[in-house]
Each structure stands twice: as C-alpha cells, then as structure tokens.
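Structures follow.
Across the two complexes that follow, chain A remains constant while its partner is chain B and subsequently chain C.
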Partner chain A sequence: MVLAIRAENLKIGYLDEEEEQVVWATRGVDLNVEEGESFCLVGESGCGKSTLASAIAGILPPHALTMGKLYIFDQLVIDDSKRNYNGIRGKIVGLIPQNPGTSLNPFLTIEDHFYYVLKDSKNMNKSESRKIAHEYLLKVGLNKDVLEKYPHELSGGMQQRVLIAIALASNVKIVVADEPTSSIDANLRAQILNLVNSLVKEFKVTLFIVTHDLASAGKICDKIAVMYAGRIVEMGPTSIITNKPRHPYTKMLFESIPILGWKRALNPLPGEPPNVIEEITWCSFRERCPLKIEICNKEPPLMLTDENLHFTRCWRFKEVS
Partner chain B sequence: MLLPTYYSRIIYRNLKKTRFKIGVGISTIIVVLAIIAPLIAPYPDEGYGYIPADAGERKLVPPSIEHIFGTDALGRDLFSRVIIGTRTAVIQAVSVIFISLIIGMLIGVCAAYFKGIIEITLNYFIELFMAIPSIVIALFLRLTIGQGLHVVIASLVITWWAWYARISYVYAKSVVELEYVVLAKLSGLSALKIIPRHVIRNIFQALTVQAISDLGSALLEASAINFMGLGLPSGFPEWGVILYEAITERGIEAFLRSPWLVVFPGILILVTTLGFSLVADPLREDLDPRLRRRWKLWF
Partner chain C sequence: MNSGVEVIKLRNVTAGYKTTLGFKSIFKHYQVVLRNINLSITRGEKVAIIGESGSGKSTLLKVIIGLLKPIKGDVLIYDKQIYKLPWRERVKIIRKIGYVPQDPYKALNPLLKIRQILAEPLEASGLDDKTIEQRVREVVRFVGLQREILDATPDELSGGMRQRVLIARALIADPEILILDEPTSALDVSIQAQIINLLNDIYNKLGTTMITVTHDLAVAQYLADRAIILKEGTIVDEGSFDQILSNPRSEYTRKLILSYYVTTFKTVE
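Up next is the complex of A and B:
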C-alpha cells in the first residue's frame, strides 16, 4: 500500500482585500489517498474543496498562505509556508480543469495543445506528440480529425474529453479533476465520469475528483470524503458513506438529493455554514445540527468509527443513522 | 504567427464584398507601382529631384503626351516624381505602422500581463505619449537632428505606438484572465513562453486589422509633416513634399494657374488612403460583426 496523497493538518488561506485578516479556505485537513484508488471530495460551495484540489495539483496562487504538510508520493510539496512542486506538477500530478471552454486556447489546434504539454513535460517533438495525441484521443472516444480542429469547432463534451486526454497523455500518476462535469449537460455527466473512471482504472492512475454531485460521486468512486467549512467531516469507503453515514451533515446531504422515481419529502438543510474568518473552536456544524448537545461546544477530532477505515468528525456518531 | 490557411480563409471570405475587391485592387496597384516605379518613370533622375539641363525651356508645362502630369516650377517631370513618390509613401506608412505595432504590442501586453506597479507605470507612459501631437515631435526633431526619412518615421512612431499599446492592453487584459493563461501561469510556465503562445496569438488578429486600417492615416500624417517642410528635404520624391514645393514656390497661383501641381499628388494621397481603408473595413467587420454598416453605398 503506497500513499499517493497525504495531508497533515493542511491549512490554506487567503488574505482578504485589506490584507488584514486571513480567510482560511481549508482549516486543518488530514487526508490519505492510496495509490490507484478513486477518491471523491464532496461538499457545498465555499467549503474549500477546490482550494484543496489546487493545492494537490500545484496551482495555488502565489499569494495563498499555507500551513501544515502535504506529501505526494512521499515527496514533501507543502511544508508550512514553503512550497516546492518541482518534478511533481505536470509530471506526477495532472489536472482536468473545470471549464473546458476557457481552458483551451482558441488559436491553437488540438494537436498544438498536446504538443506544448508534451514538449514541456517529456521533451517530445511534433511527430511523437502527434502519435501520442492520436492514441489518447482514441481512448477517450474521439477520432483523428479532432487533431486538426480548433477548440470552438468541438462541442462542450468533446472539449472535456480532449482535456481528459491531455491530462492522461503525460503519463501522470495522479489526476486531479476539479468539478469536471459542472459545465456540461446532465445527460453527459455520467458518461464523462464513467469515462474518467474507466481510463483511470485502465492506466492505474489515482483519481482525485472534486464535485458537489453526491449521487454521481457515489457511483464511480472507491472512497468519499465529505468536507464542511474547511474540514473533512466524514471519510470512508463509498458503500459505507452512502448507506450508513455517521455524520449528521452527510446524512442530511443524502436526504436532500432528489432521486428519480422515488417519491419522498426532501429535507433541505437549514442555516448557513460558519464564517471562516473567525477561529472556530467548536464543532463547525453545531448551528445546523439537530443532534447538538453540550459536548458539541468542543471541536471533535476525526474519529475512527467501528467500521474499517471509516472516519467521522462527530461526538455523537453512534446516534446518527 | 497564425496558420496561413487561417488568413487565406479570411481573405477568400471577404473577396465576395465589392468594397474589399476595390480596396485590394487599389492597394495592390500602389504596392506594385512602388516596387517598379524607377522602371516605368519616364525621367527617373528627375523623379529623384535632379533638375534637368533643359529645365529653363520646360517650366510649368501643362499635361501633355511628353509629360503626362505636366512639369513643376523647376522643370522636372511631375509624373516621374509622383510615381517614385509612391515608393516613399509605402515605405513611410508601412515602416511607421510596423514599428509602432511591435513596440505597442509588447508594451501593452506586458502592462496587461504583469500586474501591479508595472501596469500602472506603463499605462501612464502610454497616456503620456498619446497626449503629444506628432507634428510637435517632428518640429523638435527637425530642429535638433535635421531633415530626412528617419525624422518622419521617428516622429510618427513616437506618438503612434501608444495607440497600439492601448488597444493591445485592452484586448490582452481580457485574455490574461482566461483559464488557460491563469493555469499556465500558476503551473510555473515562464512569461516568455506564455506571452507569445497564449496572449499575443489571441490579440494579434485584432491588432492586424487595426494596423491595416491605420496605414492610410499614417500616410496622411506623414504627408502632413512633409507638407510643412519638417520631414523630408525639398526635392525628395514624396507627395507631401511635391505639394509643399508647389505652394512655397507658386503660392495661391499653384491652384489657379497650374492646378496639375496640386491635383495629381493630392489625388494619389486620397486614392491610396481610400484603398487601405477599403481593405481594412471589411476585415474589421469580420472581426466584430457589430460594426457592420446598416446602410449601403453603391458598393
């Protein structure tokens, strides 16, 4: 068992407009991702999941503040404020960006996109990169004609497939996908996610996928981590998380998803996530939790529940479910 | 910079428009004339400003078969002077636009790409140079380093680059916020690679169209500087200089008694400027369909 990604108390923050206060996007994340598994990070908007993904992919903006440690294949990439992604970014970790429309240069053909990526990561010349590009385009279900085309001549789904092919073409070991399906049609979502998952299994790549779509995450991933207000509140194998959630937030998330063909009352989550500027020393879900008691004024640790490798950050996980 | 097929596709698409056809026709004729001018000029020496030996007998001859455009006050064949002047006109316009385009594009893109203090400083510089009229620069250069082609080109470039810098700044500003530039920047690609690969490639088309449509204005400005006697020396084959000589030597009589002296160079300036504008106009519409005219002339 080799750990692909290991985060220890990782905190990432940004200075606010007046540069007086630090807004912590992630407030202490402990995370273990094994090699070859597909790991899914879910959470609501603003909980810090995209920031965590960009920290792993090595595209944190220079003004971001970091604390804690992040290892990628036992190489220390974030050591408190020091960040060193040399040899990692683009060579071990690849990224599938969020918006395919704006992530491709409209004045470059698809072939050139492959060429520039492969030239920088593997020192390839034009004909070699063309061969590789052709091979990977076939894998994502596109034909050879696409090589000569410009991005605007492709549909959104095809652009996303091209981005997946580019991310895989440089033989990376970890693929970070930051909401890869957020800008495509609902009927294409499952298709793209299944494609990513099957390719990842084929090339034995570790997949780190960020989404807010719990239903599709449950279908393709081995492991799910639920993030809330900058912390991972529950983490475990997909089947346990979906069937027996041990954190009230996860449970309420599942209760608020509409499922086609199943008539039931949806339970919306009342309230708002806490303000991330302040230091939070209590359970961050306290205000919205139906099960809160006296002990919730203390921050719960990430605890191992009775099931294997299932962690939760709740004092009363036994009473949930 | 871009694929040649891309350009040929644009030209082919626009060739259906009559305006574009006329413009391309005029511009081609002007450029060809500029290249072969010494060959077709009947008196090439006189075209370059030498006063012929028999000048005394043929001063101010009206247009005839021997001298198609007539002769000027010093007895030189006007047709040769005007035709060879085409060459100067093209050299002036193209070099002014080309040099300003390169300088302006680099400075504008740098201002948009490197934010913070560089952006503010460069923008102030751009505004500073936009505020100075080129005639004033020409006057200054005329008084300090004398006359010549370099004075015309320098005085125009000094004021002209700022416009390209402003245009490329505005376009590049929106391009650098796009995800492919941001991701390339965050993943540590150097600016030397990002700027030509992603930024300049995206704004180049708009700048080219602007440059082509400015060729006419650059020619007009250059002729104006020469007409005031600030640029090229007297006797140089240039349309502005020919007009300047006619006015200084003949005064108002140039219009009344020997109109060919002012009419022919004037017409050529007009036609050349029109030709360049007619090329650029359809291209600009192609780039931004909102600029399309609702009304129609005969073309």
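Up next is the complex of A and C:
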C-alpha cells in the first residue's frame, strides 16, 4: 500500500492584517489517501476544503501560512513554513479547477492549451502534443474539431471536459478536482462525475475531489471525509459514512439533501457554521448539535469508531445513529 | 387553497431580444428565445419552471414580471393584458408580484443597511416611518432573522441570511404572487434545506401563489406541486410531479429524470 497523500496536523491560515491575527482555514488536518483511491472531501462554504485542495495541488498563495506536514508520494512538500513543490506541481499532481469558464485562456485555442501543458511537463513538440490532445479529447467524449476552437466557442460542459482532458494528458498520478460540477447544471453533473471517475479508474490515478454535493460524492468515491470549521469531523469508507454516519453534522447533511422521487421532510439543523476567526477550543459543532452535553466543551479528537477504519470527531458518536 | 382563479395566463407567447448588429437592425430583427408558450397558473398554486441553462427560464420570468414585451402573444395577469396597459396601470398590477432574484451575493445594494433595503419598497407607497419600521421588523422575524441584522450591511451577512433578506424584501409589500429565480442554487445543502422549509412555511401561512424557476428537479419537487419543463424555448412537458416522475411525456423529461438517478445514491433507512 502506497500513500499518495499524507497530511499530519496540517494547518493553513491567512494573515488578517487589519486585526493583526491569523485566520486558520484548516486547523489541524490528519489525512491519508492511498494510491488509486477516489477520495472525497465534503463540506460547506468556508470550512477550509478548497484551501486544503490548493495545498495538495501546490497552488497556495505565497502569503498563506502553513504549519504541520504534507507528503505527496513520500516527498515532503509542506514542512511547517517551508513549501517545496518542485517536481510535484503539474507533474505528479494535476488540477481540475472549479470554474471552467475562467480557467481557460480566452486567447488560446484548445490545441495550444494542451501544447503549453505538455511542453512544460513532458517536453513535447507541437505535433506530438496534438496527437496526445486528440487522443484525450476522444476519451472525454469530444471530437477533434474542438482543437481549433477558442474557449468561448464551447459550452460550459465542453469546457469542463477539456479541462479534464488537460489534467489527465500529462500523466499525473493525482488529480485534484475542486468542485468540478458546481458551475454545471444539475442534470449534467452526473455525466461529468461519471466521466471523471471512469477515466481515473482507467488511468489508475488517485482522485482527490472536493465538493459540497454529498449526493454525487457518495456515488463515485471510495472514501469520504467530512469537514467542518477547518477540521475533519468524520472519515471512512463511503458505504459506511452514507449508511451509518457517526457525527451529527454528517447525519444532518444527509437529511438535508433533496432526493428526486423521495419527498421526505428535510431536517436541517438551525444556525450556520461558526466564525473561524476566533480560536475554538470546544467542539466546533457544539452550537448546532442536538446531542450536546458537558463534555462537548472540549474539542474531541479524531477517534476510531469501529474496525472499518471509520473515524469520527465526536464525543457522542455512539448516540448518533 | 386552489380557488381556480387564473392569475397568470400566457397565450401563444413568442419572446426574444432585439439584435442590433449590422444593417439588419433597420428592420426588426430578433433572437427568438421563447416559442409559442401557453401557460396558465391559478391562484394559490405552487409551480416550478424547470430547464437547463439557456432554455429560456429567465426570459419567461421577465415576460411575466412585465420587463420584456413579447414579440407575439398575450400576457394576462389578473385578466389584464399588461403589455397593452400604460406603464402606470401596468405597475399597479405588477406590484402584486414579489420577486426574489437569483444571486444573493449580487442582488443587495452593498451601500445600504438591511433596514433601508427592506424599507425601500414601502417608501414608494407613501407609508409613514413608524408603520414602515413596524412592518420591517415583522417581516424580518417572519423569515427567521434576528432584529440586530437590520443595522448590518449585506457584506456582514452569510449567503443564507442574504437569501432570507431577499425573501423578506419580496414579501414586504404583501404580494399575491411570489416568484423565485433559482432560490437555492448559490447555497450549501444545509442552508438550502433551511430555505426550502422557510418557503414552504411562507406558502402554508400566506397562501401566495408561488412560482419557482430552477434547474434542479430535486429541489423543485419540494417547492412545487406542478412542474413545467422547458427545453430550447418551448414547453416539452407539464404536469404534477407524480405524473412527471412516473410517466414522463417527452423523451427529454425522461433523460432529465434518469440523469438524477445516476448521481443520487441510495441511503439505507
């Protein structure tokens, strides 16, 4: 078993210059992703999931502050404040960005997009890159006419397919997908996610997908981690997390998803995620939790709850399901 | 609540936008978006208009709220042909419609306090300050917000709170019809569920006619009893949700429904 991504107590924050304090977007993340696995990070806006994805893809802004350690295939890329992505960024880790419309250069044809990526990562010339581009465009269900086109001539779904093809074309070992379906209509999400998943399986790539859409995450991933207020609160195999969540937050998320053809009552808990600016020493879900008791004034550790490698950060996990 | 009175009726409506490119603009030249739409919505109904991006959902809304004169056809709101009325008369009718725009992050004026944002529609109707303040507080409580937010500006609020403010603004002038343009698409799942529950609460308490425009069938099923499915500017399917789900009339609807079952996992109960 080879670990593709390993994070140890990883903290990433940004300096708030007005208030002269650090706002921690992730507050101590421990994470293991095996090679060839589809790993899904689920959470709501502001929980730190995109920051974690940027750290893995190597695109953290220079002013971001880091603590802890992050390994990618045993290479130490974040060592407290030192960051070194040489040979990793774009070569081992590829990215499918969030917004296809603004991620492609409007003045370059699709062919040139492929060329610049492949020239950089594999030292290819134009005709070689054209051949590879053609091959990968077919894989994502586009024909070769697309090569001559500019991004604005493609629909949103097609742009997203092009980005998937570009991410895979340079033979990366890990693909980080940051909300790959958030700007796509609900009915196209299925297609795109299934495409990503089947390609990832075909090329034996490790997939790290970040989303707020639990429903589709549950469909395509092997493992799910749920993030809340900068911490992973629950992590484990998909079938176990979806059937028997052990954290009240995960349970609530599932009870909030509208499912077509099954009109059950939606049960969202009141309130919203806490403000991450303040340092939290209690359980971050305490304010919204229906099960809170005295002990919840202390932040629980990430506990192993059963033999299936199912982790939960909740003192009351036995009472949840 | 369905009393059978038609509040909105569209007859053979074809609508689109004028193109002004080239010499063709001398003649009337249109990019047609909606073709031969026939639609009738009765009082107290909950209707969803469903379609992909580019299917003409937003254009249809513009036609209904009196902002886009159709090329052909009649638009009747409360039995009045609104586009044949002078502007003053038209506004009187359109005031009965409350509108919640699409993007809660863009639809609020960042320079105004929430109190001013909510009071604006009432000031136009010439009420005195005391009544306005009373009404503002009432509506804010009704949509589940704290009174303290009245002194905040929009950037201090989260997405869910902004959406509640937009709903409050639409409700403040006591509308008889509530139109929601993608009310939950910018929100997280748990907040989305809160807003869905809030809208159903509003419907149950006030009995307003509710028209939701969305691309998400699963959300639509919570906010409507009847679905109207748009594709490339025409209505391809229409009916109750049960009927649409069990017996879709068009191939497109079938595909749309199928695409959901591919993504949605089954939770074990």
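The rule we apply is simple: the second predicted complex is superposed on the first by the 318 of 321 C-alpha atoms of A that agree within 3 Å, B and C clash if a C-alpha of one lies under 4 Å from a C-alpha of the other, contacts with A are read in each partner's own complex, and residues count from 1 in each chain.
We take it that contacts are C-beta pairs under 8 Å (C-beta built on N, C-alpha and C of every residue); 3 or more make two chains touch, one makes a residue touch a chain.
If you're wondering where the values come from, they're calculated on a predicted model, not measured in any experiment.
Participant: Once the structures are superposed on A, label A:85 by its partner contacts, choosing first (chain B), second (chain C), both or neither.
Facilitator: The first partner, chain B, only.
Participant: What is the contact status of A:103 with respect to chain B (first) and chain C (second): first, second, both, or neither?
Facilitator: After superposition on chain A, A:103 lies in contact with chain B alone.
Participant: Should A:223 be classified as contacting the first partner (chain B), the second (chain C), both, or neither?
Facilitator: A:223 sits against neither chain B nor chain C.
Participant: With the two complexes superposed on chain A, say which partner A:95 touches: chain B (first), chain C (second), both, or neither.
Facilitator: In the superposition, A:95 touches chain B alone.
Participant: Of the two partner chains, chain B (first) and chain C (second), which one does A:231 touch, if any: first, second, both, or neither?
Facilitator: A:231 sits against neither chain B nor chain C.
Participant: What is the contact status of A:120 with respect to chain B (first) and chain C (second): first, second, both, or neither?
Facilitator: Only chain B; A:120 stays clear of chain C.
Participant: With both complexes overlaid on chain A, does A:60 touch chain B (first), chain C (second), both or neither?
Facilitator: A:60 sits against chain B, while chain C stays out of touch.
Participant: Who wins on chain A residues touched, chain B or chain C?
Facilitator: C
Participant: State the interface residues of chain B toward chain A in the complex, per the touch definition above.
Facilitator: 2, 178-180, 183, 186-189, 197-198, 201-202
Participant: State the interface residues of chain A toward chain C in the complex, per the touch definition above.
Facilitator: That would be residues 44-45, 156, 185-191, 193-194, 212-216, 218-219, 242-243, 252-261, 263, 266-270, 272 of chain A.
Participant: So in the complex, which bits of chain A are touching chain B?
Facilitator: Against chain B, the touching part of chain A is residues 54, 58-61, 85, 89-90, 95, 97-99, 102-108, 116, 120.
Participant: Any idea which chain C residues touch chain A in the complex?
Facilitator: Result: residues 52-53, 158-161, 188-194, 196-197, 215-219, 221-222, 241, 245, 255-257, 259-265, 267-268 of chain C touch chain A.
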